[in-house]
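Just below sit the structures, each encoded as structure tokens.
Shared between the two complexes below is chain A, which has chain B as its partner in the first and chain C in the second.
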Partner chain A sequence: MDEVIVEYIRRTVLKIPRDEIMAVLQKWGFLSEAQLQTINFRQTKESISHSVAQLCEESSANIKQAALLDIIYNHIYPNKRAWSVYRMNKTGEETDFFDFRDFKKKFRRQIQSALINVTINFREYEDNAIWIRIAWGTPYTKPNQYKTSYVVYHSQTPYVFISASTLRSNLPLLCQAMVVASNYHDIREMELRSHCLNSLKDIVFKRYSQNFQTNYPLQERNVLTENVDLRINDENSSEKERIHRLNQECFGDGPQPKLDFAQYKLETMFKSDPKWDVLEKKEPFRCLVKFSSPHLLESLKSLAPAGLADAPLSPLLTCIPQKARNYFKIREKKSLHPGNFVSP
Partner chain B sequence: MEEGHNSDGKENALCGRSLTAASRDGGGRMSAVPLAQRKVEGGKVYSGDGVLGYLEMLEAQAHELGLKQEEKEQQEKKLDRLKARVQELRARRDELQAKVELQEKRLLDKEALVTDPARPSAQTVLEWKVKSIKGMLQVFYLTGISGKLTKQGVCFCISTAYEGTYLDSYYVDLLINPEVKIQRHSVPVFIPLEQIAKKYLQSDIRRFMSVLSDHLNAYVGRRHQADQLEEHFSDRIEGTLQRNSLCNLLVFNYTVSSDSKTFPFNVRLLYGNLCCSLPTEAILSCTPGTLPLLAKMAAAHSNTFRQMALHKAFDSIINAKESQD
Partner chain C sequence: MAVLRPFDKLPELNCATILLVGAEGGPQQQLAEAMLREKKDFNINIHLASSLPLPPERDHLRPRIDLIAFVIDIKSKYSLKNVQASLAYVDVRFFLGKVCFLVTGVGRVNNCSVEMNAIWKLGEDYCSPVIFCELELEGIRVATAQRLLRMLQICAGRVPGVSALYFSLLMRNSAGD
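So, the complex of A and B:
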């Protein structure tokens, strides 16, 4: 058991960029300063990881410490995992006094009643974020520390962020445990996925900059005061300003949440000339459109100013943070607006 | 005559080129001038009449024309050069002129500030009006609930405060037609906005805004108290302050000394009313067995927590303890 744990710690340290290993180990707090001083951080990562493993073995690190290191690693580098957002519902109106200790107890009990071979660890952070790490086993084998799921939950909110990675078969159990522990009734997956956890939080918690019109604080129109050369006239200045204004209305001033992609599934009828009778089948034309980008919303915001698209952009693109989804299904226009919605 | 020709041979050789040149292009230009005149032209003395003499003369003329043409070409080149120079100088002049104008404009702007104070210009009156309107808007903002009409409805701003400190602002953008609906908002997700909206939004917008404002102000107040406690008294608290998103359950431990012995106290503050920033319940617990001794103190502390703001209550508890010792 010890060797497995030590090896696990070693492999976790290997994942950290070399310059930051010291800071992460300090945050972990398991090894003392004196022990950390004995490690030569100028060697290769392989050697550093072996030094750390050695020290951990000497200090008899247990599974809890190893799990904590993994949580800290994932908290500092959350963008290495793919996160999905789930939404819980409840019908009661009572005030919920969320007690962290109660929550932990209920969660653990719910999971372990179905599957005893799990390692569950919790860590609460300053911004009321609770990180839960679950290492899954089977009814016959011990938990595999390399097959982990992560849950991030802010108390008294209906949103849960889950990174399941492997073993999606355990997802229903995980969701059920969340519902019971947080005093909700049911849970449903939202159509919102990304690698950037903080951006997902920004979108559902409405922390991104929405352009609210106010009288005060006064909104100064930021006139671009560069070195204006009086001899140069911009023939298109009114068009430029129009595009800038429309862009501001759609996207706001501040930085956009970071999404990787937006996917549109079209199930619309192919509209063509009645002559081409052969294509006028009664079946809808199926098509999948996917926009990928390192930073999707920023690139959409710069489409109109760069002249690549007309302003205003299609509401299907600009509604992504507002509707909190990046998977869309577009069906025929029976009602005024297509697709199935998640009410925000 | 033949000798004269021979002595002019060199000249003729020199003119040979110009003769051919003249014959090339000036063939048509040579007018028929009487022989006698050409004899004296150019100060040159020709050997005499006759065909050769005539040819000599033509040669010389061609030579002269050639020279003149060269001169003309050179003059044209010079003219072009001078024209280019003129362009250059004109461009430079324009540049300098633009610079001068910019400078003058800047100076004028600076001067505009220093106007005659006795007679307020239209500009200063306008500026004063704008300033007073800005002041009014600020006053509205400071009252806590302000709004601005939008194209489709109205956008309300709730600016929260707790005991004199202004804290966050939250926005609610409402649509008016066909029925009152929230288009978007920046209210934190743990505030029960949907519940409040379901109850009051359709019937009484004022009540809706008032209730929402109460919730937000109370939340911000509780959060502020918890932050103040952590900031100023983290050394008197054992471990960390346990909270949740709404800050309606706070749990922490501190030590109490009585008869020169220290006892740990654990306090759970429950804020049952989300519109209130004081706890509805303050449950103090201590290690089992010590309760009879400390019952009075626990009750007193519980009262203090329920009646005063958290950081002030804690402050008074600690100072009371110190004065006791």
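So, the complex of A and C:
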């Protein structure tokens, strides 16, 4: 058991960039300052990880310590995992006082009643975020520390951020445990996924700068007309200002939350020239459109100023932060007027 | 009127005007600044536009345009389409040496979205020289600015004995047909 834990710690240390290893180990707090001083941080990462593993073996690290290191690593680098957002609902009265110990007990009990071979660890952070790490096993094997799911829960909100990694079959059990432990009635997956956890939080808690409709024109015209040299005339300056203004209205001023992609599933009828006679079967044309980008919303924001798209952009693209979703299903509108509508 | 005509207005004293049409944003602006930094003995005006036709409301303020340089960004098919659409708004007399095509982005061959054949054909159809450059590199930008400045000088008639019609020499293919 010990070698497995030590190897796990070593592999976790290997994931950390070399310059940050010292800081992370100090945050972990398992190894004393004296022990940390004996590690030479100028060697290769491989050697550093071996030194750390050696020290942990001497200090008899147990599974709880190893799990804590993993939580700390994922807290500092949450963008390595893919996160989905879930929303819990409850009917009835307001939330009563949140008891962390009670929550932990109920959560553990709920999961272990279905599957005994799990490792569950909790850690509470200052911003009321509770990080839960679960390493899954099967009814017949011990928990595999490399197959972990993470849950981030802000106790004052109904939102849960889950990074399930490989074992999605345990997801229903996880959701059930969350609902029971936090005294809610049910849980629903929102169609919102990304690698950047902080941006997901920004979108869901409405922390990004939103545009507010104002009746007064904004005062920062001088940003565009800063052309120092009068010998350079921009013929399209009024058009550029219009695009800039529309962009401001759509996206607001501040930095956008970071999303990786937006996916649109189309189930609409193919509208073509009747004489082409394509697809007479009159079935919906199934099509999936996916926009991916390192920073989707910023790139959408810069499409119109770069001249690559007309302003204003389609509301299907600009509604992403407001509707808090990046998976859409577009179906035919079944009414007198043909058109498209976005399903809730 | 929507079509740009070369000799509709009177020239200004000691002045030449170049119109850069095409890819928006940074490259155009930087090229304009590079041109302004060059040493020259006449005044120049640089007009930047993303496409033609030019907005009619500023027509009376605009000086006579001596040289039009269409900027095509090889990384964007959209810029080629834009330039092709804008060419319809240029009077045919401009194409006697007062138009040139500036193709930028050739430093990044793997990001190429525009066919070379399309560009050569464009140059041949409109009897105008095609200049390849990479406006993101400082040195090439300065060199391109110097070339454009020299062409502008000739198009504005400031070099005695040389007229814009001589630019057809720039188009002669070395394969010789």
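The definition used in the following text is that the second predicted complex is superposed on the first by the 316 of 344 C-alpha atoms of A that agree within 3 Å, B and C clash if a C-alpha of one lies under 4 Å from a C-alpha of the other, contacts with A are read in each partner's own complex, and residues count from 1 in each chain.
Quick note on the criterion: a residue touches a chain if its C-beta (ideal position, glycine included) is under 8 Å from a C-beta of that chain, and two chains touch if they have at least 3 such contacts.
Note that the coordinates shown come from a computational prediction; the quantities given were computed from them, not determined experimentally.
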First (chain B), second (chain C), both or neither touched by A:L308: second
First (chain B), second (chain C), both or neither touched by A:F205: first
Which partner, chain B or chain C, touches more chain A residues: B
Contacts of A:I232 with chain B and chain C, given as first, second, both or neither: second
Contacts of A:P139 with chain B and chain C, given as first, second, both or neither: neither
Overlap of the chain B and chain C footprints on chain A, listed as residue numbers: 231
Chain A - residues contacting chain C, complex: 229, 231-236, 238-239, 305-308
For the chain A and chain B complex, residues of the former touching the latter: 93, 95, 97-100, 128, 154-159, 204-206, 210, 212-218, 230-231, 322
Complex contact set, residues of chain C against chain A: 23-25, 29, 32-33, 36, 43-50, 54-55, 58, 76, 78, 82
In the complex with chain A, residue positions of chain B that touch it: 98, 101-102, 134, 137-138, 140-141, 146, 148, 150, 155, 157, 171, 173, 184-190, 192, 195, 242-246, 248-249, 251, 270, 272, 274
